[in-house]
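Below, chain A partners chain B and then partners chain C, in two separate complexes.
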Partner chain A sequence: MKTIQFLLLSVLVILTGTIQVSAQMSGKEIMEAVYHNPTGDDVQGQLEMRLINKQGNTRVRELQRYIKTENNVEKTIMFFLNPADVRNTSFMNWSYSDGRDDDQWIYLPALKRIKRISSDSKSDYFMGSDFTYDDMGDRHPDDDKHTLVKEEVLEGQNCYVVESVSKDPSYMYSKTITWVMKDNYLGLKREFYDEDGRLLKILRIKDFKKISGYWVILHTEMHNIQKDHRTEIIFSEILINKGIPASKFTERSMTMGK
Partner chain B sequence: MKKKTITWIFIGFAVLTGSQIIAQGVDISGFARNYTGFLMNDATEFSIIQNTFNLNFEQRTDKIGFKVNPVLYHYFDRDIDFRLREAYLDAYFPKLDIRIGQQQIIYGKAEGVFITDIVSPKDLSEFLLPDFDEIRMGVTAVKLNYFFGMNNLEAVWVPVFTPTRFAEPGSIWAPKLFVPPLPLLGYSSKEIKPSVENSEVFLRFSRMTSKADFELVAGYHWLDDPALHMTGVIDQTTMKPIGLDAKAEYHRMSMAGGSLSTTLGGFVIRTEAAYNHGRYFQTSDPLATDGTAKKDYLHYMIGLDYTLKGVKLSAQFIQEFIADYEEGINQEEFENTMTFLAAKDFFREKVWLELFAYAGLNKGDALIRPKISYAFADGFDLQMGANLFTGDREGRFGQYKDNSMIYWKIKYSF
Partner chain C sequence: MKKQITEKQLRVYAWEFILLVLIISGWFVSEIYQNSRMETNLDKYMPQDHPAFIYSDMAEEWFNIRDGILIAIEHPDGIYNSGTLDKIREITLALQEIPGIEANDITSLYTADNIVGTEDGLDVKAFYKRTPQSRDKLDELQRLVRTNDMVQGRIVSQDETVSLIVASIADSIFSMEFYNQILDFANGYKGPENIYVAGRPIVEGTMAFLGPKDMKTMVPLVIVVIIVVLYIALRSIRQTVATLSVVLLSTIWAFGLMAALNIPIYAVSIMIPVMLIAIGVAYGIHLYNNMQLYAGKNPDAGLKELIWDMFRKMWKPVFMSAFTTIVGFLSLLTSDVYPIKYFGLFTAFGVLMAFVFSLFFIPAFEFAMPGRYKGTGKNKERSQKKTERFAQKFADAVLKHKAFVISTTIVLLIVAVIGIQKVWINSSFLENFERNSEIVRTDAFVNTHFGGTSTINVVLESEENGSMIRPEVEKLMVQMQADAETLAVVGNSHSITNFIRRMNQVMHSDDKAFDVIPDDQELIAQYLLLYEMSGDPDNLWKTVDYDYRKANIVVQIKSDNSKDLKQVIEILEKYRQPFDELNVQMNYAGSGYKALVFTDLILKGQIKSLLMSVVIIILLLALMFRKLSLGFIGSIPIVLTATLSFGLMGLLNIPLSTTTALVSSIAVGIGVDYAVHFIERYRVNALRTGSKAQTVIETMHQSGRAISFNAFVVIMGFMVLLFSAFPPNRSLGALVSLNMFFSFIATVTIMYLVIYRSNIYFKKKQK
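Coming up: the complex of A and B.
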């Protein structure tokens, strides 16, 4: 009798737990909450990228980045500060919430010319780092099918664990698994699996804090497990909602390098 | 002696004022580079040994800015060559920028060819082999840019005409000489004196949108290459032609054109066209006045860029069409060229492989340029490559068939 009661109780607990998870949020809802996490109308700051190979040798790239969302278009412009051979190069991306392909341009100071480039090459690595162009941007939740796998505590944070599989079979990752903090809907960790289903990279958020009322990631690390290469990105001198003018995202700004 | 003095003044200026300039927030950048090349048909002969020291002094505030870009070229077999590529002042207003001084001005979307890109003259002293920022020379100009939204209206006034710089006579890069039917008895050239009347003007309107970027340009200018006018010299006793008197002359031209780039799926489509009015072509037609024919011509390009498995691919088709063509003109009615580019990086942008080629379709000649670059430290780049000229010696590229070379470049950017 006690055994039956225990089993019934166990089933009830499992069902209740499942119902609670389902009632809370679905995988898609969680990833939509991540995507729509308020970031302010505009953000600016300096990015330092540290490329660290398996011998521990480090190369450093520095950029100044401005982001502004206006009329459902997220505009990003980045000015390359270091190393010297890429200084004054600038890169601009317009990302559309309606799912249109991004528009991208690059200004090469040696050629003194702005060149439109295709955003189709999202699997290309950004500046030799472990981040692809796709990793650098905000992937729209509608691009993937999301499943809430479990909930667990990671690094002292209560997290949802969501598995995402692209609807596009040719996508560079077979799946990603994201640990999303329940408190603030920031991704704390993400695993990227290659086309053969093997773990390829792990993204970890090492530092984050609230600035001007918005959660901001200050330090991330992407570790390519297969090649044992890491890239750290440190975001500093952050300013939010300072009213970056629309003119920052123009031909004039790209060629001026500021 | 004069050049040496300038060089020492330059170095002295750089060293003595460097610390003060840094203290004032002036950004100093540049590079030092060694470029050594060997002719492939004679491995013992250098085609070039060049040491370059390029300095940029630059400062920008919200309202003003300036840039000075002196460059020193040192050769083992020539005097030191000091050039001031750019030296200008900027003034910035809310919607207007003004730039005055020596500056490079670049138009268009074609790569490796010059269609609407005619403001800055070319330095062809080493044909098309230097980097493109070194091929384009600065011009003394006043440039106004008026910005409204994503639009840019640009007006350029060039008071001093600067012609194309060709290779010195005797250089392996000296262009193929026109062979006159009779001996040349005299040669002269006419220079364009700086004056308001002789100045050049250009207008450009550009717009960036999510669908496409485009430029519309127009120019009233001097063609940077001179036309050779030849008149017969008659023997007064026999009244028969005994030779020719040649005069190199620059001519006024007008140009209107534009360029456009857009994306289609993973492709970037680029196109550029210019209609040029009033160019003098050399002709062998005996009835032609002074051996030239004045014609309009159309110059256009269609290009495609695509990335396939990390390999950046690009191809361009370029055509020059001479309107109202006449037999005897020393250029074909349709002159077709193609360019190809394939580039890929390895080891996180430490190693780059690149193949760029021009192919002359009329003569079946080509310039093929494979190269490999290795960035063994940030800012430090080692490059090895070849410039292979092949095909008909009558062609633009085939004429340098004996100049195929292998080279290395070691460059430190700071």
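Coming up: the complex of A and C.
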């Protein structure tokens, strides 16, 4: 019994020690830890997107999504399930880590043709939501200068509060402030400030869970304060590392439905 | 009792009374200073619970329909140069910083979306982010705009010399300071480009501001002229002062009560002093007329006797005319429009006070003033004899030429009735300004280059999600838009169909043959999805709602004239039935439409209350004179005045507007006054003399004199308004003068003739 107590005690000491050590982590280290949070080689699942405007009108879209990272290219393919008139419309995005613009395709079943979408920049909003393409993906920590502002408890979670300012002065946000959970290095909340330094949007993670050993976000909300428009995304039926074949991420696959 | 009071005591009482009135007036003045405010928010004028307004407000919320301030930037050599494009960009960015302007809702070449086809897809791009510098890039931009119907002719003029920047503002934001701020701001960008600022909020705001401002300078002039003319008529400074005090005090009390009750001053409230001047002056004149005549006949009468005679003889007709006038104005309470209700209520209160002050303030004033009414000198006696002779001649002439009087009246009535059919209602704000004024020229400039500064929003609604993207519905929308655009006054129209057609075209290698609505609803839905994925869809949500259950079609019109707006609505109405067959309901929204409904409401209310008050007045007169026939006879001046003045408006092509319609209240207020005084005097003289000839001469002399004085004074006073800088105030002046003139003439000619022929009060003796 004594040995067990001793062991527990030493575990506690070690844990407190690590917490103290991590408390001294720099803003950059924290954001790198967030960036390198393991996500699995491939993820699939359903995604429900709710767009809510100022008057409280809601539009709901349901999509089936597949993500796989291969040779430093993050490939995403999505198939619309609902509403009915856009069913089987599919969207594919290849995101490159070397700074190249994303490649995007859309397949419109009514036109039976695949079209390429060339987005002017990453500041475009994704499908009329409050997320830009940039908000959806992971931004590389080297792109910003990070400062640990403080630590605080948010919604019962111990968090680091990190302020990030882009090294590129023409970036669409003047700064972002992120609340990172100490337990799992998931962002819990992020504030986006516009070019004039005014609060533009607030991202909140409303539900998250460990699935197959990976932390997964289940419910997230982006609120555009200035327009009072909100987007909620709810993920379900998530499967990780099921070995999605590379052929899923091709133009041919786009035309075949989920 | 009364006889025992000495003049000295009376003087003390008089001073006490005057002091009391002045103290209360002082309090009202301070209330006016502290609490009075102009209501410039035009939405506050509209009945908020009227279905058309409730619906429009809802639709404005659904589609973010806002009035826009238009800034047009013109470069004579064309806008495609770096300097002008830079300015468009700078103005756009700077506007976003101005409080009150919706930063997300500024349309310009800089913010516009360019939907283009790419080699293998579709893209929604900005026309430029950084201002193009090289000739090549400028030419490329020019080409892009030329090939985009959604921009060419809408944001850039067809001749490419003007570009438009439209900034939406919240309804309540507009003020004169705001306008000046925008003007200063825009003018800062002048040279070599010309800058024009236009838009409905500016026209509305300027009008709500200019009318009362012009009145502030004109009313004192009117009063000065009235003082002069009053003096000429009454030949006495103290009588002039007393008569005018009655008018001013009643106006102060009316506005003071309004301020004390925290009721704002509306644009139509400027009609209150107009009414009170026209009506209030009459009471004083009638009283003094009596006093002068009595003094003329009794040169030795003391002040007490003069006042007593005046009070005794005049309280009844003054009461009767005031009472009927008050009831006439109170009939305006049936209006749906609050500013009109308030106008009726406070004018009625003002008339009540004018009545009270005439009967009590004037005697008090006479007692309180040092010196005394000198009776009539030799000159005055002679002039009275002269007027008596004139009255006799006039009365004889009317009788002698009765055929002429009657036939003229009938001819005038027929002409007026023809004219009335030509009366048209105009809710145009713009036509209230001078034709060469800055505001009109700017508006005309923008209208010649772009779709139009006025808009009507057609709102379509269905129970079913997705209805608005059904090809049948969309095609009908296209047809309706094309049909409306055949009208010369319709410059443009814009709806979801413009997006769909543009996308269908660019997705088919920019082939014009595909500038149509596709037959497949799924394709439409997928285009819209594509559009959303490619750009900022906010522009889309101004034309459809989230569920595609509602749609908003914006029809741009180059005029805010009611005739033109109604012409457009007439065409749009043809589509109500076809849309209905597709289970789609059609409604209208937007400020242009609201103004149209609003004016209709005011006018219908005004005409309704006019008819109602005529009926009430006939009954009241019949009751007061205890003869039904006298009710009808007494209403002759009112009916004639109203008919002639409306008829004249039709013939002279003066449109009915909120102010011109209210002038008809004068017909009631003044017409009834004249009739009451004349009939009452006729009755008294008839009973006293028993001789018809004598009655006629005396009535014509006593009452006719006062009536002509009153008409003369008010007509001269209001003629001053003909020199106003603000056209609506000019027509106001003309119409008030005409109304006074008609009332006067109708009373002393046709009404006199009818009463004479009717043998009322002489029945027993005649046969």
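Please note the rule applied: the second predicted complex is superposed on the first by the 231 of 258 C-alpha atoms of A that agree within 3 Å, B and C clash if a C-alpha of one lies under 4 Å from a C-alpha of the other, contacts with A are read in each partner's own complex, and residues count from 1 in each chain.
Here, a residue touches a chain if its C-beta (ideal position, glycine included) is under 8 Å from a C-beta of that chain, and two chains touch if they have at least 3 such contacts.
As the structure is a computational prediction, the values presented were derived from the model and not from experiment.
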Three-chain arrangement built on chain A, chain B and chain C clash or fit: clash
Which superposed partner A:Gly128 touches (first chain B, second chain C, both, neither): both
Which of chain B and chain C A:Leu111 touches, first, second, both or neither: both
Partner chain(s) touched by A:Lys242 [first = chain B, second = chain C, both, neither]: neither
Partner chain in contact with A:Lys150 - chain B first, chain C second, else both or neither: neither
Which of chain B and chain C A:Leu51 touches, first, second, both or neither: both
Chain B versus chain C as contact partner of A:Gln226, first or second or both or neither: second
Chain B versus chain C as contact partner of A:Thr89, first or second or both or neither: second
Chain B versus chain C as contact partner of A:Arg59, first or second or both or neither: both
Chain B or chain C, by number of chain A residues touched: B
First, second, both or neither for A:Met256, with chain B first and chain C second: first
Clash-bearing segment of chain C relative to chain B, given 4-12, 310-318, 400-408 or 490-498: 490-498
Chain C-contacting residues of chain A that also contact chain B: 51, 59, 83, 85, 110-111, 114-120, 124-125, 127-128
Chain A - residues contacting chain C, complex: 51, 53, 55, 57-59, 80, 83, 85-86, 89, 91, 106, 108-111, 114-120, 124-128, 226-227
Touching residues (chain side chain A, partner chain B) in the complex: 51, 59-60, 82-85, 87, 94, 96, 100-101, 103, 105, 110-121, 123-125, 127-129, 229, 247, 250-252, 256-258
Residues of chain B that touch chain A when the two form their complex: 29, 31, 60, 97, 104-106, 108-109, 131-133, 145, 147, 150, 152, 206, 208, 210, 213, 261-263, 265-268, 305-307, 310, 345, 348-350, 375, 378-379, 381, 413-414
Chain A contact footprint on chain C (complex, rising order): 61-62, 103-104, 118, 120-123, 125-126, 465-466, 469, 507, 520-527, 529-530, 532-537, 541, 545-547
